[in-house]
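What follows is a pair of complexes built around chain A, which joins chain B in one and chain C in the other.
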Partner chain A sequence: MMQPLLQVHGLTVTFPTPSGPVPVVRDFSLTMGREKIGVVGESGSGKSMTARAILGLVRPPGQVTARTLQLEDMDLMGLSPRGWQALRGKKAGMILQDPKFSLNPIKRIGNQIEETLRLHEPIRRGERRERALAMLEAVGIDDPVRVYKSYPHELSGGMGQRAMIAMMLVSSPNLLIADEPTSALDVVVREQVLRLLDTLVTDRGLGLILISHDLPMVARFCDRILVMYRGRVVETLDARYLDAATHPYTRGLLACLPSPATRGHMLPTLSRDPSWEAA
Partner chain B sequence: MRGLVLGGVMAARGFAALLITLVGLLLVTFVVGRVMPIDPVVAAVGDKASAETYAKAREALGLDQPVWIQFGRYIGGVARGDLGQSSLSNRPVSEDIARVFPATVELSTLGILVGIILGVPLGVFAAHRRNRWPDQIIRSVSLLGYSTPVFWLGLIGLLIFYAQLGWSGGPGRIDTAYRYSVEEWSGLMLVDTLYSGDWDAFRSALSHIALPALLLGYFSLAYIARMTRGFMIEELSKEYVTTARLKGASEADVLWRHALPNVLVPVITVIALAYAQLLEGTVLTETVFAWPGLGLYITNSLFSADMPAVLGGTLVVGVCFVLLNKISEILYPILDPRTRSR
Partner chain C sequence: MFHSPLILVEAADVFYGVSRNRFQAVFGANLAVMPRETFGLVGGSGSGKSTLLRVLAGLSPNWQGRIMIGGMNLEPGRSPPRAFHRRVQMVFQDPYASLNPRHTIDRIIADGLKLHGFTDLDRRIAAVLDQVGLGTRFRYRFPHELSGGQRQRVAIARAIALEPEVLLLDEPTSALDASVQAEILNLLAVIRQERSVTSVFVSHDLAVIAHVCDRLAVMQRGRIVEQLSADDLIMRKAGHPYTRELITASGESAAQ
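Up next is the complex of A and B:
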C-alpha cells in the first residue's frame, strides 16, 4: 500500500489560561493521500489552529500533543526548529486568509516569491527570477513582469492571493493547506481563485486541506469533509453525499442555508446541544 | 534612486515650511527674552553705570525701538548670519557658537551611535524573547537608564573610571598638554587630532570623550531599545510574519529581514528625536564633565542675561530639530514603499 501523505492521530492543542489549560483542538485525526480534504466549522471551532499545529506554527504558550503526526515518511513530533524550516515551504505550504496582511508590505512580490526558492534551493539568481515569473504565470497572472516588480499595496486582493499561492507552490510542496483562502475576496474573484486552486492542486497532484466556514463551497471542491465543532471533529462526510450527514450539528448547519425550496420562509437558526461536544 | 529623487522634491517643498517654523521659533524665544524680568542693558553696562551711559547703551542695543522693529532687525541680522554680540564674551554670538557647537556635535554623535548600535539589537532581541528573562533584564537596564539622574551616574563614572582606575581621561575634551598643540580644523577633537596625525593626542581625546559618550549612549540606548521592543512586538504579531515562517524562514530571518525593516520608519523617528535631544546640549552631562558645549553655553548665557547668546543657541537647537525631522522624512519613502507619493 502506498504511504499516506499526511497522518495525524490524536492531535490536541491547549492554551493555558488563568483557570487552567483550555483545549482548542481535541483529538483531531486525519489520514490523507493526495486528495482534497475540506475542514468546515464556525469561528473558533479550531480549524485554523489544527492547520497551524500540523505545520508546527503554534507558538508558546500553546502546547501541541499528538500520538502520530507524520508527513510522508517524516515524523513531525519533536522536529527541531531547523527541521521545521526545511519542511515549511519545501514539503508543505499554507495559504493565509487575507493578502492585505499576509504579504510583507515593504518587499516586492518577486522578491517574496524568490525567498521561498532562496531558502530551499541552491540555484542562481537568474534562474530564481525565471522560476518566480513562470510561477506568476502559472497562477494566472497576465503581466507577470509588472506584478513581479510590484509591492503588495499596488495589487488587488485577487492578485495578492494569487501571488500568495505562487509563494507557497514555487518550491513544489506535496501538501497545501488553504486557510479560508477566499474569505477576504469579493464574490467574483472568490470563484476565480477557487478554480485556480482546484486546477493547480489537481494538475500537480497535491494533497489539499481547504479550511472554510462555507459548507456548500467546500463540498463542491473537496472529496471528503471534516466537520469541526468546539475543537473536535464531529463528523466525516463524503462530499458527494452531504445529505447523508447524520450529526445534528451538520444537519443544523445545512438547514440554515437558503435554497429555492425554503423561499419565503424564515431560515432556522442553530440550537446547540451540550451533548454534541461529547460525540 | 527613485526614492532619493522623490525625497529631494519633498525636501524642497518642505523648505518653506522649515523657514516658517524657524521664524516662529525665533519669535517665541524673542518674546520670552523681552518679557523676562532681566534688563539686558544692566547686563551689558553693569548696575553702577550712570543714567547717561545706560541710555546710550540702551540705544546702542536698539532697545529704545518698538519690540516688533527689534524683532525685524534681529531676523534681518540672522538672515545675514549675524546673531548679535554676546554681552558676556563680547564677541559675535556666531563665533561663540562655532566654538562650542562642534564639542556638542562630537559628543552627541558618539552618544547616539552607541545608542543605535546597542539599542536597536537589544530592542529586537527583547521583543523576540518577550517576557522571558533576557527581556526582563533588557527592560530593567533600560528603565534604569531612563530613571537614573545623569549627574549622579556621571559622577560615579568619574569616581570609578577616572579617580580609581585611571581608564578615563577625566573632565574636559583633551589633556591640557595637547590643548594648544592640536590645530583646529573641524572643531571635532577626534577628527582634528587624526587629521594632524597626532596619535597621542587622539588617544587622549578618545579617553576624554569615551565616558560621557557612553553615558549619553546609555540614555539614548534606554529610549531606543524600549521603543524598538514595542514596535517589534506589534510587528511580530502580524500575519506576514507567519507567511515568512511558512516559507521556511528562520527566526533570525523573521526578525532581521522581515519585521525590523518594517519598523524602521518609527525607529528612525525615535532615533532622530533622541539625537536632537542630545544635540540640544545635555547641560548636566556637560557640567559634570566640564565639556565646553552648547548646553553649557546656553545655560551660562541665561544666568548672565546674555539674550543674544541665548537666542542664538536656541536657534541652533531649533535648526537641529527641524533638520533632523526633515532628514527622517526624506528617509521614510526610501524605507517604506507605501509612503512614496506617485
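Up next is the complex of A and C:
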C-alpha cells in the first residue's frame, strides 16, 4: 500500500485566556493521498487555524498538539523552526485569500517567485528566471515577461492570485493548502482560478486542501469534504453526494442558501444545537 | 402617477478625479425603478455598480446626466439637501467599518433621528431595534460587543428608523456567513412587506439577486449591458454574452 501524503491524528490547537486554555481546533484527524479535500465551515469554525497548524504557522501563545502529524515519511511534530522553513515552499505551500496582502508589495513578481527557488534549490540565476517565467505561463498568464517585471499593485486580483499560485508551485510541492483562494475575486475570475487550480493539481498529482465557507463551490471542486463547527469536524462527506449529508449543521448550511427556488419565501435559518459541540 | 418610476437615471456618466486625472467609472447609465420594486445591480469588481449606487445615495457629486429620486432632482456637482438623505438611506457592505466604534447602538440610531428632526426618540429607537430582531437589550452596547450579523442589523435599523422611501443596499450580506446572510435577507424581506420602500440591491452574487430582486441590470466595465427580470434570469433568458458568462460562472447555486 502506498504511503499517505498527509496523516493527521488528534490535532488540537489551544489559546490561553484568563479563564484557562480555549481550544479552537479539537481533535482534527485526516489521512489523505494526492486528492482534493475540502474543509468547510463558518467564521470561527477553526478551518484556517487547522491549515496553519499543519504548516507550523501557529504563533505563540497558540499551542499545537497532535498524536500524529506526518507529511509523507517526515514527522512534523518534532520539527525545529528551521525545519519548518525548509518544509514550507519546498514540500508544502499555502495560498491565502487576498494576493494584495500575501504578496510583498515592494518586490517584483519575478523576484518573489525566484525567492522560493533560491531558498530551496541550488540553481543558477538564468535557470531560476526561466523556471519562473515557465511557471507564470503555466498559470495561464498571457504575457509572463510583463508580469515577471510587475509589482503586485500593477496586477488585477485574478492576476495576483495566479502569480501567488505560481510562487507556491514553482518548487513542485506535494501538498498545497488554499485558504479561501477565490473569495476576494469576482465570480467570473473565481471560476477561472478554480479551473486553473484543478488542472494544476490534477496534472501535477498534488494533494490539495481547499478551505472555504462556500459549501457548493467546494463540492463541485473536491473529492471529499470535512465540515467543521466550533473547532470540530462534525461530518465527512463524499463531495458527489452532498445531498446525503446527515448532520443537521451541514443540512442547515445547505438549506439557508438563497436560490431561484427560494424566491418569494423566507430562507430557513440555522438553530444551533449545543450538542453539536460535544461531538 | 402610479406607473411613473420612483428612481429615474438618464444618461448618467460618473467620474473619479478632475481634469487630466479624471477617470470615467460609469458610462451613460439609464435606469427606471418603479415604486416598491427591488432592483438588482450586478457585475464583477470594477464594473461601476457600487459607484452608481453611491451617486444615487448623493454621496458622490462627480457625475453628469439626469437623476430623479422620488420627485427630487439630484444636481451634479452638489451635495443634496438634508431632506434627501432622510428619504434615501444606504446600508454598506462591511458592518465592521460602517458603525462608529465609540458610540453605543442607542446613540448611532439617535444621531440620525435628531439630525432629521424626529421627536419621540425613545419610542422610535426601541421600536426599530425590535423590528430588526435585536430588542432593547442591545441598546446600550457598543458595536465591538456585537457579531457581524448583529451589526448589520444595527445598520439596517439606523437606515429604516428614518422611514426612508428608498433603501440602497451595497452588498449587505457578502461579508457574512451563509446562515447569517439568510437571517439578514429574511429581515429585508419583512421590511419590504411592512414598509412602502423601494430598494436598489448591489451584489456580485446572482443567487442572492435571483432570491430578492424583481428586476436587475448587469454592469460590465462601467456600462449597463443588459436589463432583465429575475424570472428571465432564472429561466436563463439572458441576451448579453457577459450575463450568460456570469450565470455559467455562478454554477449550480444561481440557477437550476
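By definition in this document, the second predicted complex is superposed on the first by the 276 of 279 C-alpha atoms of A that agree within 3 Å, B and C clash if a C-alpha of one lies under 4 Å from a C-alpha of the other, contacts with A are read in each partner's own complex, and residues count from 1 in each chain.
In this text, a residue touches a chain if its C-beta (ideal position, glycine included) is under 8 Å from a C-beta of that chain, and two chains touch if they have at least 3 such contacts.
Just so it is clear, the structure is predicted and the values come from calculations on it, not from any experiment.
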Counting only touches as set out at the top, which of chain B and chain C does A:168 meet: first, second, both, neither?
first
Quick one: is A:98 in contact with chain B, with chain C, with both, or with neither? Answer first, second, both or neither.
first
Regarding the shared-chain residue A:57, is it in contact with chain B (first), chain C (second), both, or neither?
first
With the two structures laid over each other on chain A, which partner does A:119 touch: chain B (first), chain C (second), both, or neither?
first
Quick check on the superposed pair: does A:69 touch chain B, chain C, both, or neither? Answer first, second, both or neither.
neither
So in the superposed three-chain picture, is A:209 touching just chain B, just chain C, both, or none of them (first/second/both/neither)?
neither
Determine, under the contact definition given at the top, whether A:237 touches first (chain B), second (chain C), both, or neither.
neither
A:258 contacts which: chain B (first), chain C (second), both, neither?
second
Chain B touches which residues of chain A in the complex?
55, 57, 81-82, 84-90, 93-94, 96-98, 101-107, 115-116, 119-120, 151, 153, 164, 167-168
In the complex of these two chains, what residues of chain A are touching chain C?
42-43, 157, 185-191, 213, 215-217, 220, 252-253, 256-263, 266-270
In the complex, go through chain C and note every residue touching chain A.
43-45, 148, 177-179, 181-183, 185-186, 189, 204-208, 210-212, 230, 233-234, 245-246, 248-256
Show which residues of chain B lie in contact with chain A when the two form their complex.
238-240, 242-251, 253, 258, 261-262, 335-338
